[in-house]
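Listed next: structures, encoded as structure tokens.
Two complexes are shown next, each including chain A; its partner changes from chain B in the first to chain C in the second.
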Partner chain A sequence: MIGFVVKRFVNYFILTAIATLLAYVLASLSLNPAQRYLGRNPQPSPEVITSILDGLGVNPNVPVLERLWTWLSNLVTHGSLGITVDNQQVTDVIFARAGVSLRLLIIGSVIGAVLGVVFGVWGAVKQYRISDQLVSYASFTVGATPTFVIGVVLMILATSLNGLTGHQLINFSGEYTAGLQGNFLVMFGDRLNHLILPTITLSLTAAAGYSRYQRSAMLDVLSADYIRTARSKGMSRNRALVKHGVRIALIPMSTYFAYSFALLLTGATVVELVFSWHGMGEYLVRSVQQNDINGVAGSVMFASILVLIAGTLSEIVYAALDPRVRV
Partner chain B sequence: MSMVEDAQVLPVTPKAQQRGPRPASRLRLIFAKLARTPRFWVGTLTLLVIVLWALFGLAFYNFNAVSQDVMSMNTGPTGKHWFGTDEIGGDIYAQTVVGLRKSLLIGFVVGPVSALLAGFIGALAGYLGGVWDRVIVWFIDLLLVLPALYILIMLYPLIKGGSWVIVMVYLAIFSWMILARVIRAQTSSLRDRDFVKAARFMGVKTSTIIRRHIIPNVSSLLIIDATLGVGAAILTETTLSYFGFGVQPPDVSLGTLLSSGTGAATTRPWLFVFPAAILVITVLATSLAGDALRDAVDPTSGANRD
Partner chain C sequence: MTEPLTITGKRVPAVTPVLEVDNLSVTFAQAGNEVKAVRGVSYHVNPGEFLGIVGESGSGKSVSSMAVMGLLPSSARIGGSVRFQGRSLLECSDAELSRIRGKDISMIFQDPLSALTPVYTVGHQIAEGLLLHDKNLSRQAAAARAVELLKLVGIPSPERRAEAFPHEFSGGMRQRAMIAIAIANDPKLIIADEPTTALDVTIQAQILEVMQEAKEITGAAVVLITHDLGVVAGNADRIAVMYAGRLVETGGVDQVFHAPAMPYTIGLLRSMPSMASSQTRLVPLEGRPPSLAALPPGCPFAPRCPLVIDACREAEPALTGTEEDPTHQAACIRSSEITSGKLTRSEVFPRPVPLIEGTPAGTDGREVLSLTGLVRHFPLLKGAVFKRQIGTVRAVDGVSFELGSGQTLGLVGESGCGKSTTIMEILELAKPQDGQIRVNGVDVADLSKRDRLKMRRDIQVVFQDPMASIDPRLPIHDVIAEPLTVHGVSKKDQQRKVSEMMELVGLDPEMASRYPHEFSGGQRQRIGIARALVTDPKILVLDEPVSALDVSIQAGVINLLKDLQLQLGLSYVFVAHDLAVVHHIADHVAVMYLGRIVEYGTSDDVFSRPRHPYTQALISAVPIPDPALERTRVRVLLDGDLPSPTDNIPGCNFRSRCPLYQLLPDQQRLRCQDEDPSLRTVDKTSVACHYAEHDALIDTMAER
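Right, the complex of A and B next:
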């Protein structure tokens, strides 16, 4: 099992590393870092611009592979991802923002996966009953709704709820209330309150996809002979469904999780932008808008590492659930 | 001319009756199954209505997407302005119809084009096998590492100032990968079938084999995903445009429209709710139709597994 997981990890590692390097090249070719300074009044002289760009390591006159090499060797020797246009270390920015994204991603994906699996299994067991139809149509509708629309609709609902009750029950703008004073509990509650709508948004989108997939995986399993065998041995229906049904139906889900992780990242980015959270997805967008190549490369690398972790995790779950790969 | 043809066809009919009922062809079975699926009718009819509405929705309407009604600014839905107006008296109904046209056009081009791309690349990998297969699959996996949205956002400087056609091209380039893997798996099981072998040993060119024998055999998958791809493309396009990375002004899509309506969404919901509802209904219709197609075509999916 360890050999299998290590092999898959190495494969993922190579893929994500190359994807990051390609993203660096892509950003270097498409972004124009000088533009930021050309609009200034008075306009800086070309020498000044050149020296700034050289300092950032993004001078377009240096061949892109040479810049990539410098960036890479800085990363390996100094652990530095370069500096942003605001003269901060990209690594510092990442450390400051990573928690925001991770909080959203972890809570959102766990709730989304649990809801998706539960509703998927439920739909499969109750196939064609009203409850199955309801879950099906609900997941179709959520799947057909862009994440930002879900977010904005939730904001509209929360605003009217706050208006109806006359209290600021649900806070949704930003990640915490700026300037709030209080002890740890007050601050923690405030952050929790700000988490509600973004988490609902992200888990809903994730759950919609998972439940469709889980339902069809579960239907495959339900028609299998070993469920009948287990039942005829005298196992109760629920026990057979859980021990032989859900466990087997989770195997394809672990692969699907790795594939759908990119969707989760997309969703988290959209959620960060809609609810004005300063996470890593928002950082990528801001860096593109500011023509900040180092910022783009740093946030892409962060995303790649998450993809690497998610992929390896799903392989571990796969190996744990499917005894065949352990032999 | 057609009368003559009809006359010639007529005598054949009794013979056919003598042979008894024709064996049901696969295509007829699929259509019979589709006709019995409510989801298919709901999806296709809704889609048809939406397309017709996008085409003719402004024909009998007094305002267009750029007209400004100084007499009614910031009003909710009325008999005159069906979806209300924005702060400069622009008509939301007219803007929605125009935005819907662009989003539909992008969806209807990107869905089929990316399915075709997936078909050819997947079939090539599966058919060639060996080193080529591994190289292509590795390349697909590489493209799948990062979310397509990230790549499209990074390409934004190349879209900026360009027309919506560029957005469409980029969307098609970055949405074929997952389907290509599915097609590849199907193709590698097809390549050892006798009819493919026969063609190969007769010296038929690889490109011809893929075009004549492989693609038709995976065409059901392609049709399903072309349908589902329409909705997926509309979703990606509106998300990109919503954040300003997709369709650029002065072009209008549902995404740009939602983006301009979102600031006032809590106080003047009609700016956001109507275009959003149209968007959701459109994508929902394509996914219902696509799902029904999948059930009808794929014997191992959904409704066929009792």
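Right, the complex of A and C next:
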């Protein structure tokens, strides 16, 4: 089993490396870091611009592969991802922002997965009944709606709720209320409050996808002979479905988890922008806007490492759920 | 135990049946119409009795027993009554039924591959059944009992095996584990639904033995549901035959087998190929069972019945006792004519006359296919990141045979013996790892790419499962014409050829635009044969062509194959695990074990006087549909499963299971251990056994 997980980890690691290198090359070729300085008034002299660009390691006159090599050796020897256009270490920015994104992502994906599994199993067990139809239509609707629309709709609903009750029940701007003073509990509660809407947005999107896959996986299992065997032993239907059904229907889901996590990452970018969170998603978008090559490469690497971790985790879950792959 | 009761036919009032099914009906509502899967079935099972329910697929035999267990989906409407020990099961809630299921009534299912949950250990799954019904039982005690049960059903080293997952078990072992689950709580009734259908004959014989043992240990009554009359002949006390959702004949096993009163039963018995004789033609039961969604009035068997009279089509006959014996019941208005002897069985279903007599047209018996020392080994790799070879799977390990034109070679053996790999190697038409394949005298290793494509026209294949081997989204014209497209035949010629082929295999060419799902299993296999014949091949490789078909359909397909061989001068390589079928169709037989041929000879020689202990065991494992014969028969039982083909067994590779080896004195055993036997001629067959002349095996078996 360890061999199996190690093998998959190595695969994911290579993929991560390729994704990062490609992101660097792509950003270097398509972004124009000099742009930022050309529009300034007074305009810096070309020599100054060149020296700034050289300092950042993004001078377009140096061949891409050479720049990539410098960037890579810096990463390996100093653990540095280069400097942002604001003269900060990219790693520092990532460390500062990662917590914000991870909080959203982890809570969102866990709630999304749990909801998806529950709704999927429910839909399969109640196949073609009204409750199944409702779950199906709801998940199609959510799946077809862009994330930012869901976010905005939720904001409108929250505003009217706040208006109706006359209290600021739900806060949704930023990740905490600026200037709020209080003890730990007050601060914690405030952050939780700010989490509500973004988390709902992310979990809904994730759950919509999950529930479809889980439903079809569960339908396969429902007609399986071993459910009948469990029933013939004297197990009640619900117990047989949970113990012998859900357990097996979860196995294919662990693979889907790795892929949906990557999708969730892109969803989170939009959510961060909509709810004005200063997370990694927002950072990626801003880096692109600012023609910050190091920033873009760094954020892509961050995302791909998350996918690497999610992928490896899903393999471990797979092996834990399915004895047949534990060789 | 219950013989006096059933054989003499007098009911002893003191005995109350364990299970009484009265006028049971099951209806499925389906897209507007109703499918009446079971229509008024009544039977009873006495304590300790062995009842065999026989019927073809779709006869309602499984549905009726699932109704007894209360395991049908909620869409099924169930009528009538089911009483278990006097308690009406149909009125019980699911919670009440759950307390009975697994404790008083337990069930064994057909497919042991899918009947066990893959993610729990076998021991856990057995213990689960115990814990469900005994809340005071500790987990340790349940686990210990599970090990005991595994030992009881004959699983070697049960302590270790209880920790294993189902995928680490062979098919036979899984079915033993299923039996262990079924007998865990000493049930009063065990329902076994086709428990041996998915298994090899040798394993089937073992499982039937275990079931008999289980029955004796628990004293339970057994209901065995099967399509194979042979399986019930030796084991059952009473037989019930089902057709189109109803019982059409019931009675003691001897009465039903020796004096059947219903034409359908007669047809079933007559259509089975027999091990005892290799008659030239089988008796097919024409037609197919009626659709249960729209049953015409009258006897449902009337359209297929050779005895049909006008009265048959008016009303469905009730199940009534025959004049001689009220417990022998048949649902046929002419049954008295049959039982009184006015109509004999051979008159009801006469043996059809072959189309052409004699040897196939245009064949001279010259060699069309020959294999010399064919070898196919697969490396066994291990390691996640770096692969290393840890062994070799010797799938085919030096196989040689010859096939003459117009002849049939039967290739038999248990699953995993290398039959399929052998024919795949032949069909590949490529240079084998070692050895030589010659088709029409040409060594296939020397073929150019173009010649190879050309040669593919000469050698075609028919697969086992007619449901899976035909693309469901192509009309059958396209299915049959596909090989012609590959070989670049014009559309017009394709059309003509397809019609010709459909005619040849007994299908109406008008049906060419229909899709595969509109055809029955037997018809689909005919489509498969037509597709294989469309390129005018000389050799047909038949991979278990009838094993997925019902007995009554099977006879028709076998007759068709025989006719085609005579008409077209085809040569067949016929792979099958059903020895009776092989005996019937093959001229020569090659018995394979672990990638090698252990016995080779003409069909009559091999089957009438098998010399290799393995062949003897295979043949004696085949159940015979004759209760009297079956009861007095002595079996050469094989222990355990086929060893893994990765094992390197020095000397004779059969000795680990060889019943003859067990009987040999020590100094003779040495030879088996050291020397690998090669094929040598004994009497008329070639045998790979050092002691093939010994009759010790047969003698000791006869003494028992």
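Methods note: the second predicted complex is superposed on the first by the 327 of 327 C-alpha atoms of A that agree within 3 Å, B and C clash if a C-alpha of one lies under 4 Å from a C-alpha of the other, contacts with A are read in each partner's own complex, and residues count from 1 in each chain.
Here, a contact is a pair of C-beta atoms (placed from the backbone, for glycine too) under 8 Å apart; a residue touches a chain by one contact, two chains touch by 3 or more.
In this text the structure is predicted, and so the values were computed from the model without any measurement.
Legend: residue contacts after superposition of the two complexes on their common chain; A:N193 is shown touching neither chain B nor chain C.
Of the two partners chain B and chain C, it is B that touches the larger number of chain A residues.
In the overlay built on the shared chain, the residue A:I156 is in contact with chain B alone; chain C does not reach it. Shared-chain residue A:F4: touches chain C; no touch with chain B.
Contact with chain C, but none with chain B, is seen for A:A224 once the two complexes are overlaid on the shared chain. Of the two partner chains placed by superposition, only chain C is touched by A:I248; chain B is not. Shared contact residues of chain A with chain B and chain C: none. Looking at the complex, you find that chain A touches chain C at residues 3-4, 6-7, 10, 224-226, 228-237, 244, 247-248, 251, 321-324. Residue ranges on chain C touching chain A, taken from their complex, read 69, 71, 94-95, 98-103, 106-107, 109, 111, 114-120, 125, 128-129, 132-133, 165, 167, 178, 181, 383-385. Residues 15-16, 18-19, 22-23, 26-27, 30-32, 140-141, 143-149, 152-153, 155-156, 159-160, 216, 219-220, 223, 259, 262-263, 265-266, 269-270, 273, 284-285, 288, 291, 296, 300, 303-304, 307 of chain A are the ones touching chain B in the complex. Residue ranges of chain B in contact with chain A, taken from their complex: 138, 141-142, 144-151, 153-158, 178, 231, 235, 238-239, 242-243, 245, 258, 262, 265-266, 269, 272-273, 276, 279-280, 283-284, 287-288, 291, 300-302, 305-306.
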